Amino acid sequence: MARSLRKRKSRATKVAQPPGTLVYVGDAPLASSQMELLHLGTEGLRLVNPSDEQLKNVLHTHSMYWLQVRGVHDTQAIARLGQIFSLHPLVQEDILDTTHRPKAEDYDSYLFVTIKLPRTDPATQARGLEQISLILGSNYVISFQESQNAVFQSLEKRVTSINWRNNGYGAGYLLYAVLDVIIDHYYTFYEALQDEYEDMEMLALESPDTKTLQKILAMKHETIALRKALWPLREVLSQLERHENKLMPKGITLYLRDIADHVLQLIETADSLRDLMSVTMDIYLSSTNNRINEVMKLLAIIATLFMPLTFLTSLYGMNFDFMPELHIWWAYPALLCLMLGLVAGMIIFFRRRKWF
Amino acid sequence: MARSLRKRKSRATKVAQPPGTLVYVGDAPLASSQMELLHLGTEGLRLVNPSDEQLKNVLHTHSMYWLQVRGVHDTQAIARLGQIFSLHPLVQEDILDTTHRPKAEDYDSYLFVTIKLPRTDPATQARGLEQISLILGSNYVISFQESQNAVFQSLEKRVTSINWRNNGYGAGYLLYAVLDVIIDHYYTFYEALQDEYEDMEMLALESPDTKTLQKILAMKHETIALRKALWPLREVLSQLERHENKLMPKGITLYLRDIADHVLQLIETADSLRDLMSVTMDIYLSSTNNRINEVMKLLAIIATLFMPLTFLTSLYGMNFDFMPELHIWWAYPALLCLMLGLVAGMIIFFRRRKWF
Amino acid sequence: MARSLRKRKSRATKVAQPPGTLVYVGDAPLASSQMELLHLGTEGLRLVNPSDEQLKNVLHTHSMYWLQVRGVHDTQAIARLGQIFSLHPLVQEDILDTTHRPKAEDYDSYLFVTIKLPRTDPATQARGLEQISLILGSNYVISFQESQNAVFQSLEKRVTSINWRNNGYGAGYLLYAVLDVIIDHYYTFYEALQDEYEDMEMLALESPDTKTLQKILAMKHETIALRKALWPLREVLSQLERHENKLMPKGITLYLRDIADHVLQLIETADSLRDLMSVTMDIYLSSTNNRINEVMKLLAIIATLFMPLTFLTSLYGMNFDFMPELHIWWAYPALLCLMLGLVAGMIIFFRRRKWF
Amino acid sequence: MARSLRKRKSRATKVAQPPGTLVYVGDAPLASSQMELLHLGTEGLRLVNPSDEQLKNVLHTHSMYWLQVRGVHDTQAIARLGQIFSLHPLVQEDILDTTHRPKAEDYDSYLFVTIKLPRTDPATQARGLEQISLILGSNYVISFQESQNAVFQSLEKRVTSINWRNNGYGAGYLLYAVLDVIIDHYYTFYEALQDEYEDMEMLALESPDTKTLQKILAMKHETIALRKALWPLREVLSQLERHENKLMPKGITLYLRDIADHVLQLIETADSLRDLMSVTMDIYLSSTNNRINEVMKLLAIIATLFMPLTFLTSLYGMNFDFMPELHIWWAYPALLCLMLGLVAGMIIFFRRRKWF
Amino acid sequence: MARSLRKRKSRATKVAQPPGTLVYVGDAPLASSQMELLHLGTEGLRLVNPSDEQLKNVLHTHSMYWLQVRGVHDTQAIARLGQIFSLHPLVQEDILDTTHRPKAEDYDSYLFVTIKLPRTDPATQARGLEQISLILGSNYVISFQESQNAVFQSLEKRVTSINWRNNGYGAGYLLYAVLDVIIDHYYTFYEALQDEYEDMEMLALESPDTKTLQKILAMKHETIALRKALWPLREVLSQLERHENKLMPKGITLYLRDIADHVLQLIETADSLRDLMSVTMDIYLSSTNNRINEVMKLLAIIATLFMPLTFLTSLYGMNFDFMPELHIWWAYPALLCLMLGLVAGMIIFFRRRKWF
């Protein structure tokens, strides 16, 4: 869906507001906001919309927690979390700004990551980008989604069954797992795009009309939006690797490197898709030209066939008193034969030029 | 408005002048020059066109000041400020040169920043770039605007209510706030551009005539001008971050990094806009070709329909003595039927080729 | 063959699987999996589908071994090798993912390299890319191929005759030899591409129709796929050079540098091929235009020759009572002469404009 | 003027000459060579064509000197100066090669700078690039010009009135002043180019013929030549800044940085001009297409209007014996009315399609 | 000549050969191989096809030697030299591979440089690239040429007259001199290319037919081949400069820097030539469009002039019984006048549209 990918930036509404002012920047809220606190471990406890007490408790235990926030338009809820987990005002602002550029930032006691998740609306099959913000603390991860999208459902099942006390990876591994799921969604996305691209190429070759042009255009917009979402990820990942010794456990670098490889491959795919898009445009132009050529040929054939014939018939339609041919009895059939011969000759001429 | 964005560089008038010669470089002055001195703090004092004494006083107190200069064509006023605040001749020259490239320069006792502000003329809706120069001293900021534009009005209200003595950010925070307002204006600008861009795309698809071409062209000029204004900002911001320990207080780096993020996002938006502009040009060309194709088809249809018919009628307009068909009573209606059949056949032929 | 080069990425099937899950990612398996263990040395022993015992033995001797695995769709076989040679789960995953980006990774006790081998199907002459993964241990190399392709046959003969005990190069030299063979295949590939490219250029010049456009397109896809396979090789080689002192013997750097030179040359060739592809597109467009021009000229010639003539004959076909010319006996031959003169004049006119 | 900017490189005449061979490389000498020695200081002494004694004197005093050499085709004069000021043979060669790439080189006791000056021939208004070479010694600057161009006249007046003994800048300041004048000339040049560019855009839109194409082409050549002259200046200036502590006095860095800013701005202007040039080409192509479209429309209108009419008239020109319509008295005026109706209908059809 | 510049790479024949296998890679040998040993010094001794003894002698004296090998297809001769001068097998392989990428490599006791020499076949005026390999030892230079080309003749004269004992430059200076000659040949080449380019531009403007397209294409291929030969030279030269202290004497860096400057200038020229080539393509396309436009105009003029006239004549050729105009005696001349008036009117219409 082109709409979401070409989302209107409405950050301009914030002109001259003091920095850190919490204003929701994005489309109309996608769903009502909801929180869910997962206690990862043997218990697998799940709290919907936890109280302040329950949230504060997260900071004072050694268990692993995953707090999922779905819907980020509720500024008060964000402010409340900001206070409990002492998030910097700018971080709170960035979480609310769903048009933000992907980035990773280190705030001593926690790590802040914001990234785009490509998703397909199951109802309309429309494609779009959703912002996912992540806070990595010592024993918790907070994830902020724009929508109620159940994108992390299968991941939840998996992570609740892990023995977090013993694997030694800590919350860093959960962050990695979330990023891995997001990157996998990019692959699904690109596959859909590549399928469509191949249809596009066919269309450009075979029916180069305004409709096809609009489709090419829409796809071009999507490609550009995806590139803009993917490029900053390289930086994000290299920044995460650099924080290895603090919040990220040591063994996890290999896994982060693995994701970085995938991001690189995605970027290369995006680049070749971009190259191909411009090829499609060329094909479109060529096809249009070929069409013009076809039409021209038909016109030329018609004109070349009939103009000489019409001249001849017109010639013997003249009213001169002295036109001896008119009075010969075999002149008419002879003329008909001559004209037939002319037509045959011209058809041979066009055949030799391979015009039809 | 293309005019302002394609402003004539008249720096050439300075050929062979000694460096530091104060000459105003720019369009005809936009307004008469005016100064205003804001005493930021509990008092909120405001002095219009302050005297030398009042200005010198700024340097000898510990209060926070914001000196706004509106209109930079008045070389004498700039020279006077230069003397009072001991500004380097090159800085004075750069303030007067409204075509200068955005930059930040460190002069030991003060920091000099020059930057472009995108603004829309409220009367004509014309868009343009205005130069803003900023001097950051230990306890003051001087801002130089080209016009009387009240761009900082809402900011003034906010900063006069801050308790400057206690927040510990000092003048560096004021500089940041001014930059933040300017960056926010870029967002407003880009939104307007993107809206126009979408209209442009529509126009290129639907009415590819010379008027549309001129609009595309004007927008291309604007995009190039904006890119030129935005690119150097990256350097400006990284330079400001480097000066953290001197005039910039420590906690402010996070805020500067935030602006730098926005600048990066703006540059990426500018780049994708540029990509899209060239797509628009391609669409325009394709649409023109499609138009030619349409016209050609009409011509071919007309010629293919009427040429054979005219040949036939012309054939029986010949004056040969011996043309037996002419004397058969059903020949005329038969010919009419034949011609109707021909027309029907050709219409089927064109339908199958999907020509109409 | 465009099919293999535009292989559908089905990595997306792995969404939300835990990392290290062994899933085969690729086309339908090309052949049944097969293992062969070569004892390099004086003996030249060859074991087909060796037992676990025989494989474990490799790790406890000082002889040189080459384990060839043909067909990588068998996840159990990979897992078994992974256990015996203690390969990291991510390495096992990468071996199974035949769409992986070329890379080299250092895992303390072994080196992992994955690379693309260009091959031509001998039956269909279709071109494609096959993934080759390599594990370099202290005294062994494991190579994983997608197919039963006997690409290393001549290399086997050569390496079994080397006296591995004395040359001091160790397994690193075998890795180098395998890479060298692969790079040589790229040359064969590019030669075929360049030959085809020259045919393409001819076609674009001489028969610019939709068929040619499709061929250009297919070749463009191949060029992009090859570029994507080649680019990461630079990095792979520089990484191998860096590991000189561990698994790579000292004297081998010169040989690796030699390969790096070839890769650079291949990349430059790929880049110029890419430049040329866009030239071909331009030629194609120009040729289409030239065609249109030719057709237009014919049409213009026909119309210019016959329209005036038909007008004249039509003129004397009018039925006015008073047309004195009609009654002059030499009027008809005179008109015929006039018409001949007109035709001659127009032919001279077109000749001078070099229209035919 | 395109001639000078596309100056034939005749360096090829030097093939296999030993390096340091003094051969003049350039167009036919622009003027007879002339030297002038300015004693900068209170005296303001000026010696035309000074003797060897007078030149050697320069090296043994502490006064500031500016030796201007106008016309560099005289190899003997250059060799003579080379001997007196002990210039390296390669420097002498570079001074004579007026096609040399701009550069700055450090030769221990002096600094060598070669740079292009854009100039406009006052007689023919032709634009071209002239090579300026500069030698900076401890207390002198030697400037080599290709022509008698009085480009430094106003600078001379200024520098002779400076009190060189006390300002502490030394010869480095004179070098800076010369560079500043040259950079200012680039601004004048670009202004002229930009004016012309706007005319070009108009022409491309309104009269896309071969003449306009040639003008666009000539301008493209100029833009490329200017870019080639400007790009190396960045490097030249950063090299000069690095030599601050030797021949360049300390305070001058600020001034050099100022020039560097201007060079950066010029390069950016050159880049956007280059972008715009390719836009102009697109406009030109579009305009041509629009023209074709216009002509096609006229043709289609004419054919659509007259072909059906001519068919009808031709129909009733047939000579069948039995055509009852021919004998009805109101058939002729009825046919005329029918034809009028047809024409009216078609005109409405074209109006609706907005064809005229 | 396009043939040589687009030389078929036949390196692929080496697939799976052990590295260091001496196989000649190149076109059919250009000439029979020949060796010449020059004793540089006061004597100027010249030995044609020296014996092993004479060659080994080179290594044991302190005189300066230049060994020229013309024709590199003779693998035995190369192997023999390789043994005498103890050249690494990979070096021998690279000398035989005439398609090798330019490079410089340091082998402790000698330096290996391979580079392309642009040459013009004096008989056919065909242009091509010839590979020159150079070995720099402590007191000798070995040069390998593909052909019998006497490209170094004038250099030989010069270097035999130098007093090698005293100038202190050693063999490094000879290497420099050879490189200088090669670079000078690039200038000659580019001059020829630039001349041809200007002709090309003319052709593209004035006769945009398939022949011109083929010429543009051939030139494009040449430009790409030259760029590929030039780019690696930057690296080669920076590598030579780094070896200053070993085989290269100290004072020679200045000379190498001089060559590096020229290489930079050549690359910039190549880049602008490349820019211009794409401009030529645009011009070609525009010219074709202009042609189409011209033809269309002629067609439109012809149709617009004759269609209305033919309609009128056809009108009065109808056979209605009641057409009163037919019986008026002045109707015929009146109609003729009307038609003349129509033609005049239409001619005025076309004039105003500036169609002819």
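Miscellaneous remarks
Note that the chains are named A, B, C, D and E in the order they appear, and that numbering of residues resets to 1 at the start of each chain.
The rule is short, and it goes like this: a residue touches a chain if its C-beta (ideal position, glycine included) is under 8 Å from a C-beta of that chain, and two chains touch if they have at least 3 such contacts.
Note that the coordinates shown come from a computational prediction; the quantities given were computed from them, not determined experimentally.
Copies chain B and chain D of the same sequence differ in orientation by 70 degrees, per CA superposition (steps of 5).
Note on chain placement: the centre of chain B and the centre of chain C lie 43 Å apart, centres being C-alpha means. Centre-to-centre separation of chain D and chain E, using mean CA positions: 27 Å. Shared interface positions of chain B, defined as residues touching 2 or more other chains, are 285, 289, 292, 296, 299, 303, 307, 310, 314, 317-319, 323.
Viewed as a network of touching protein chains, the structure reduces to one closed ring of chains, two contacts apiece. Starting at chain B and stepping first to chain D, the chains sit round the ring in this order: B, D, E, C, A.
Those residues of chain E lying in contact with chain D across their complex are 154-155, 158, 177, 180-181, 184-185, 187-188, 190-191, 194, 201, 205, 254-255, 257-258, 261, 264-265, 268-269, 272, 275-276, 279, 282-283, 285-287, 289-290, 292-293, 296-297, 299-300, 303-304, 307-308, 310-311, 314-315, 317-323. In the complex of the two chains, the chain C residues touching chain A come out as 8-12, 14-16, 18-19, 88, 90, 100-101, 103, 105, 208-210, 213-214, 217, 220-221, 224, 227-228, 231, 281, 284-285, 288-289, 291-292, 295-296, 298-299, 302-303, 305-307, 309-310, 313-314, 316-319, 323, 325-327, 329, 331-332, 335.
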